[in-house]
Amino acid sequence: MAPGAKQPPDLYNDDTMPAPVRRRSLMRRVLSNWSVRIGGIVLLILILMAIFAPWLGTIDPQVMDPANGNLLPGTQAEFVSLAGDSFNHLYIMGSDSLGRDIWSRTLYGARVSITVGLAVAVLAVFVGILIGLLAGYFRHLDGLIMRVMDGVMAIPGILFAISLVALFGGTLTTVIVAIAIPEIPRVARLLRSVVLTVREEPYVEAAMALDTPTWKVLLRHILPNAIAPLIIQGTFVCAAAILVEAILSFLGVGLPAEMATWGNIMADGRAQFNQYPHGVLLPGIFLSLTVLAVNIFGDGLRDMLDPKFNKRGG
Amino acid sequence: MLVLLVRRIVATVPVLVIVALIVFLMLRLAPGDPAAMIVGNSGTSADIARVRAELGLNDSLPVQFTHWVGRLAQGDLGESYFMKMKVTHLIAQRIEPTVSLSLLTLLITIVVAIPLGVAAAWRHGGWLDRTLMGFSVLGFSIPSFVIGYLMIWAFALHWNWFPTQGYTRFSDDFWGWLHHLVLPAITLSIIYVALIARVTRAAVAEALTEDYIRTARAKGVSELRVLMRHALANAAIPIVTVIGIGVALLIGGVVVTETVFAIPGLGQLTVDAVLSRDFPLIQAITLFFSVIYVMINLLVDLSYLVLDPRVRY
Amino acid sequence: MQTTAAVPNVLSIENLTIALPAGADRRYAVRHISFDVAPGKVVCLVGESGSGKSVIASAVMGLLPEEVKPQAGSIKLQGTELVGASADKLRSLRGTSMAMVFQEPMTALNPVMTCGAQVDEMLARHVNMAPAQRKARILEIFRHVKLPDPDRVFSSYPHQLSGGQRQRIVIAIALILKPALLICDEPTTALDVTTQAEILKLILELQNENGTAVLFITHDFGVVAEIADEVVVLQLGDMVEKGPKLDVLTRPQEAYTKMLLKAVPELGAPQRPPLGNAVPLLDVRNLSKTYKTGSWPGKRRIVQAAKDISLSIRPGETLGIVGESGSGKSTVARCIARLIDPTSGDIISGEHSFAHLGVKHLSALRRLVQVIFQDPYRSLNPRQTVGASIIEGPINFGIPRDQAWARAEELMTLVRLSPDALRRYPSEFSGGQRQRISIARALACEPKILIADEAVSALDVSVQAQILDLLADIQQRLSIGILFITHDLRVASQICDRVIVMSQGEVVEQGEIKDVFFAPQHAYTKTLLAAAPGQGFSFAGAV
Amino acid sequence: APNNDKNVLRMVPQADLKVLDPIWTTAFVTRDHGYMIYDTLFGVDTKGDVHPQMVDTYTKSPDGMKWTFTLRDGLAWHDGQPVTTKDVIPSIKRWGQRDGLGQKMFAAIDKFEAVDDKTFTITFKQPFGMVLEALSKPASNPPFIMPERVAQTPADKQISDYTGSGPYIFKKDEFRPGEKVVYEKNTKYVPRSEAPSGTAGGKHVYVDRVEWVILKDGQTQANALINGEVDMLSWTPPEQYAALKANPNIQLLVPVPKGSYAMHLNHLIPPFNNPKISQAAIMSINQQALMRAQMVNKDLYNTCTSIYPCGSTYATDDTSYFTGKPQFEKSKALLKEAGYDGTPIVLMNPSDFTLLNKFPVVLAQLLRQGGFKVDLVSMDWPSLLARRAKKDPADKGGWNMFVTGWGASDTMNPLFFAPMTGNGEKGWFGWATDPKLEDLKGQFLATMDPAKRKELAQAIQTEVFNYGLYAPLGESTNFTAVRKGVVSGLVDSPVSVFWNIKKN
């Protein structure tokens, strides 16, 4: 007999069954991931900067002093507003062609970009969930819904957004809706495929056998298991939305030009990119950093939550 | 096979009808009046009313729609409001630059991204993998116009290696064609390489966990063969699928890249048409892009037949 | 095994210890393993799931995942040390000196390569032969492993072959270069009993022919009895017992081995309490189900999965359905529980007919019939606490939450789990425990009929024995009817009063255990019985 | 690669050429295109004097009621056919249906007939003082002469045959809207012998081919010029001015007079249906701030309070209360007096139009200083054009104010200037009802006496400010940038013209 062989378990005493493995809480598991940490911290800093923009050495992002146009980063100059007030101001990131402070505009722009990113993600995911659940669970609706989704998907997203914003005017709502609509089919498809696989899971069949009403099956059993891929998808939608907002402004069909958004700052700066690249590059760094942070965060979440990487945990 | 092809093509018709309807409604419900645009700065309200009537913009929406669809069914996409030209002619003029740019981008992407992705999957978690994934996330995060401007600044203005803008027709001058497309294609391919490399890595990494890989290794075959013949061949479907889906991304990228490099392609035409409310042109381009998208994805679907013997439609 | 000492061993493992990475369920995959495999002999590694059988096999092949490393000991293949050998060295030995057959024939072959090409890789890599010669050689081995129509198989893709045929391809790959050592890791577990019997026979034949040494991994004592010369028993990475087959199977020394053997169900009519002539709880008449798959523009496919099935279940009775994979067992179960809609036929209980009621009117049936599924890992919602899963049914039937919860606590005791467990998530439980929770969930609705669809097939024998015991106990107490679906004839014979034998959607034979199993009428039933491995061995009786 | 072909001139035009009919649209770029391929009966030189162009000689009766014109020799269409009065008369008639001044002229015309192939007469039924100004009108729409078959196209339809008799031939097969427009030298063109000046004089062509390359982005335009990929930018983007000026390989020229910008008000609906409130808005203007913001560099603009181009014939600094400097207190007082109720005024901002999109932003701030509530509404240029045609109340999709730009050729004569209307809803956007203005314009039209005209021009200026019709925001210098040492010979002209250019 080999040393250390164990006693056979008693068939009728449950105490010797393998001790239940304590699952680390999902939150803690997610937070232990480096990508999530780094992405999250960067994002948090950016969000805090956006919230506390008024206290971070900024001035009103709209006020201009044409005489102080195109100052290089770090210039200290006398600011004379159109209203006639004058004060000494340090242009941390220089000024744009109208003499507006790029640092202030960038910080206030963070509010817009982050709002757009979050709103688009939430909107696309929410509507996508509704459509995906309908299509995935009510098979007779599937054909029609999916044809419409295919149609929306077949129109290149950017074209759609450009047209919508150009045609309906660049308000925050239009921009959010215009960026969100092309994302909806993707979310809906994802959700539908998750629903189609999850609904075959024995526990869903079991719930049906327990006479659970359909809406409850959807909300209690199917949706929670689709949440992880949706959150991941949501982060990528968010990152893409921030970029698309900038692209729309760049193409001249974004939010109103005087509004401080990263896209608008860059669109203004691009007219003189060769002489004053700071007008594009500095806000560009903020933009890229944000998108990067969201992407890294999403990647981390994926590693943690995606069932593919995490076979039995759930 | 032929029956299959026909059936699949017929199946795309409802999708295109939906596209047509969406685009049409979007245009007609929007504010902004092409007539005002055509009349110009010194025209008057009366001029605008006259042009509206001339363009048939005063008819009811269903009438306008049936009119348009009716002509569409006869293959007539209409005439641009501004340039008295058939929109098909205008689109035809712009296809070559866009197709050239897209194909070159695709070529660069496939040549670069797939080997990178395979290498990363092979050394899953190693430095190559990390670097590559870092690059790919970065590629997703920098707006393409910033990359484009930096490229122009460095390679066209500073070193003078490439032209800053424009396009030369393939038939006029092959080297000129290539010369004009290098920078835009690289700019455009960055995000695409990021995407495809990522998918390749994931698909190959997943294939590498499959049992048949273990069987192959148990046979003692070389690692390269395991990667290419076994893992990559099985990862082909997701990769091709994403290349197909990526066409939408590519079209979006084309719009921006063409603007940055002033390439007279469909992307620019689109922006122009939207900004001038040239309804027939917008409708035609969107429909055109949708057809391309649908066809490419049909092609992708058909490619499954070749890539995976299990697939039967 | 003193007699073979003169012949050098093909494989000798000594004091092998393999460490697991941090965070794994234990520190060592296996510890202090020593055994030898002599030429022409079959050594069986047995043990419960997770005992380290596959890790040993992978270690020999040099295919351990990177994070798992041999820490001590040696593995010698024909005198060559494999622990610490270079990747190139191992690669050249693989295929030529040692080869392996894996468990899952469905996934072991590359789906996008023809079978011929996959065998050809072996030749192309290791021997210098012209393509035509290679092809001839491959066709020859295909004939040898008794593949029908070798030419067609050569150019077929794996998915065009049946599971048994695929496994023959894998065996052909393993044996084409006549390796000295063949490792088989549960090569027949995924196959039907009849196919399993053929494959086992084939392996033995080839082994005899070439004098190959075989390391055979299995958890099925029937197979061990059939094939082994020597047996090595593992428990959680430790070697518990080893010795010649007859010694281990009939005179086990260790308590663990005894326990394992005792848990193996026997093929025999057990004592079952007699059933009165009670009114059936449920009558199923001429039930048929046809699946239509594929939608426009794809191709339509029609599968007739169940044809004209009639059966009835009485209180306290266990009705078994046995049959090979794909014979329609699950389809029947799902139809009865109305998880899918039967195409035709009737399901009657009392004066109600349920076969064609709309989903909204099925409450009565839901109370009557509950289901336990095969896969313990997927039959509980991972995002719900166990308690929430159990009380879901009662709440749906209008029972107040408190009352449902109290009942759930009782049920937990009934299935021998602690009531505290209600607040935990399924992932915190082992497979056997989850299956008990599933039973508790089904019982919470106070059903009259329990359908168990392969409810024990995924479990180790010891755990399987516990669950079967539990079911019998519950049935006795509550006098419910059980529809027990299994492919394992031994299990069926242990627990059922009557069985139905299904083949290709049809009932071929039905009746009492003693009639069907000991005096089968139908040819299909006879083959099925003949193929069951380890006949004549009475494992539990050995203890 | 640099374009070193001496016979090919590559230039970036002011905008993308879309509409090819210069009678049908007023777009500047279409007008420029018109001057490439068409000829006019008369031209104007840089001083504003009118000289015969296609016309050889002309006479008028002493009372000015009957004019006789004779075409010069050697005029031919691009297809080789001679130009005759059969072509001229329908051309002028078609123009007369579209152009504002043309309409006025035809209202005064009694008879317009051909005498023979070369001679035609115009007989007036009432005095019309601006015959030569009309026939040489450089601003949109100039009366271009087209072949008879083309001129017979209804005025509200675009032409589709682009045969002209001008110095260049339009290459229709190479026309790619949004990409390039190609012209070839008209080898059969016979230039006048006088030196070129403005749209008058000899139109010589020294290159075989002119390619208009459409580049929309200012940075791209500058890059292309610096790299020699194009030879010339017709309108230098203000943002690029400094960089181009500093570049030793680039030369900046000013062949066209300054352009100007104006703030336009909607007089149909409140509050600017009240002249006092309009005046208050005009008092809030700060020309210096506005121009600086839009033009970026101080070399590119100057303030100018006159409604006529500063330095031109009719310009004076007698501009009533308007100083171009902000008078916020006065404005507030006026608003109080007029009883401005604080409804926000809708100021439209064409945010995609880089030559206009900064004015409204600054203007909004100025108006707020002046006591207004402002609702700055951003939209793209097409939306602005559509919206300004709407007569609805401002909060129901209408508008109160926008800014746009004009060429000197538009503003140099009150009758050339489209917004100069006081005939209510029949007039230009803003629909001012100012009978006095209409009356002054009528008098201006009727007289031929320069002194009288000057007087009337001053009266019109005063009336514009008193009514608060619109207000000038300042003038901008439009530089043309060329490759130094490569391109020479640009002609100074009221509108951009591209003959006489040499390349080496």
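Order as written gives the chain letters A, B, C and D; numbering starts at 1 within each chain.
The criterion applied here is as follows: contacts are C-beta pairs under 8 Å (C-beta built on N, C-alpha and C of every residue); 3 or more make two chains touch, one makes a residue touch a chain.
Bear in mind that the values here come from a model prediction, so they are computed numbers and not experimental data.
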item	value
Chain whose averaged C-alpha position falls nearest the assembly-wide average	B
Separation of subunit B from subunit D, taking each centre as the mean of its C-alpha atoms, in whole Å	40
Approximate Å spacing (C-alpha centroids) for the pair subunit A, subunit C	45
Rounded Å distance, subunit A centre to subunit B centre (Cα mean)	23
For subunit C paired with subunit D, centre-to-centre distance based on mean C-alpha positions, whole Å	88
Sequence positions of subunit A contacting 2 or more other chains	166, 169, 252-253, 270, 273-274
Subunit B residues counted as touching two or more neighbouring chains	31-32, 149, 157, 259, 275, 277
Per-residue multi-chain contacts in subunit C, two or more chains	none
Every chain pair in contact, whichever chains are involved	A-B, A-C, A-D, B-C, B-D
Subunit D-touching residues of subunit A, taken from the complex the two chains share	62-64, 66-67, 69-70, 82-83, 97-98, 166, 169-170, 252-253, 255-259, 270-275
List of subunit D residues in touch with subunit A within their complex	217-219, 222-223, 237, 239-240, 242-243, 286, 289, 292-293, 296, 349, 351-352, 354, 357-358, 361-362, 365-366, 369, 376, 378-380, 383
Contact set on subunit C toward subunit B in their complex	61, 63, 90-96, 99-100, 102, 104, 107-113, 118, 121-122, 125-126, 157, 159-160, 170, 173-174, 296-299
Partner subunit B, residues of subunit D touching it in the complex	1, 16, 18-20, 25-27, 100, 140, 156-158, 160, 176-180, 213-217, 219-220, 223-224, 226-227, 229, 352, 379-383, 385-389, 391, 397, 404, 410, 418, 425-429
Complex contacts: residues of subunit A adjacent to subunit C	1-9, 11-12, 14, 17-18, 20-23, 143, 201-214, 220-221, 224-225, 312-314
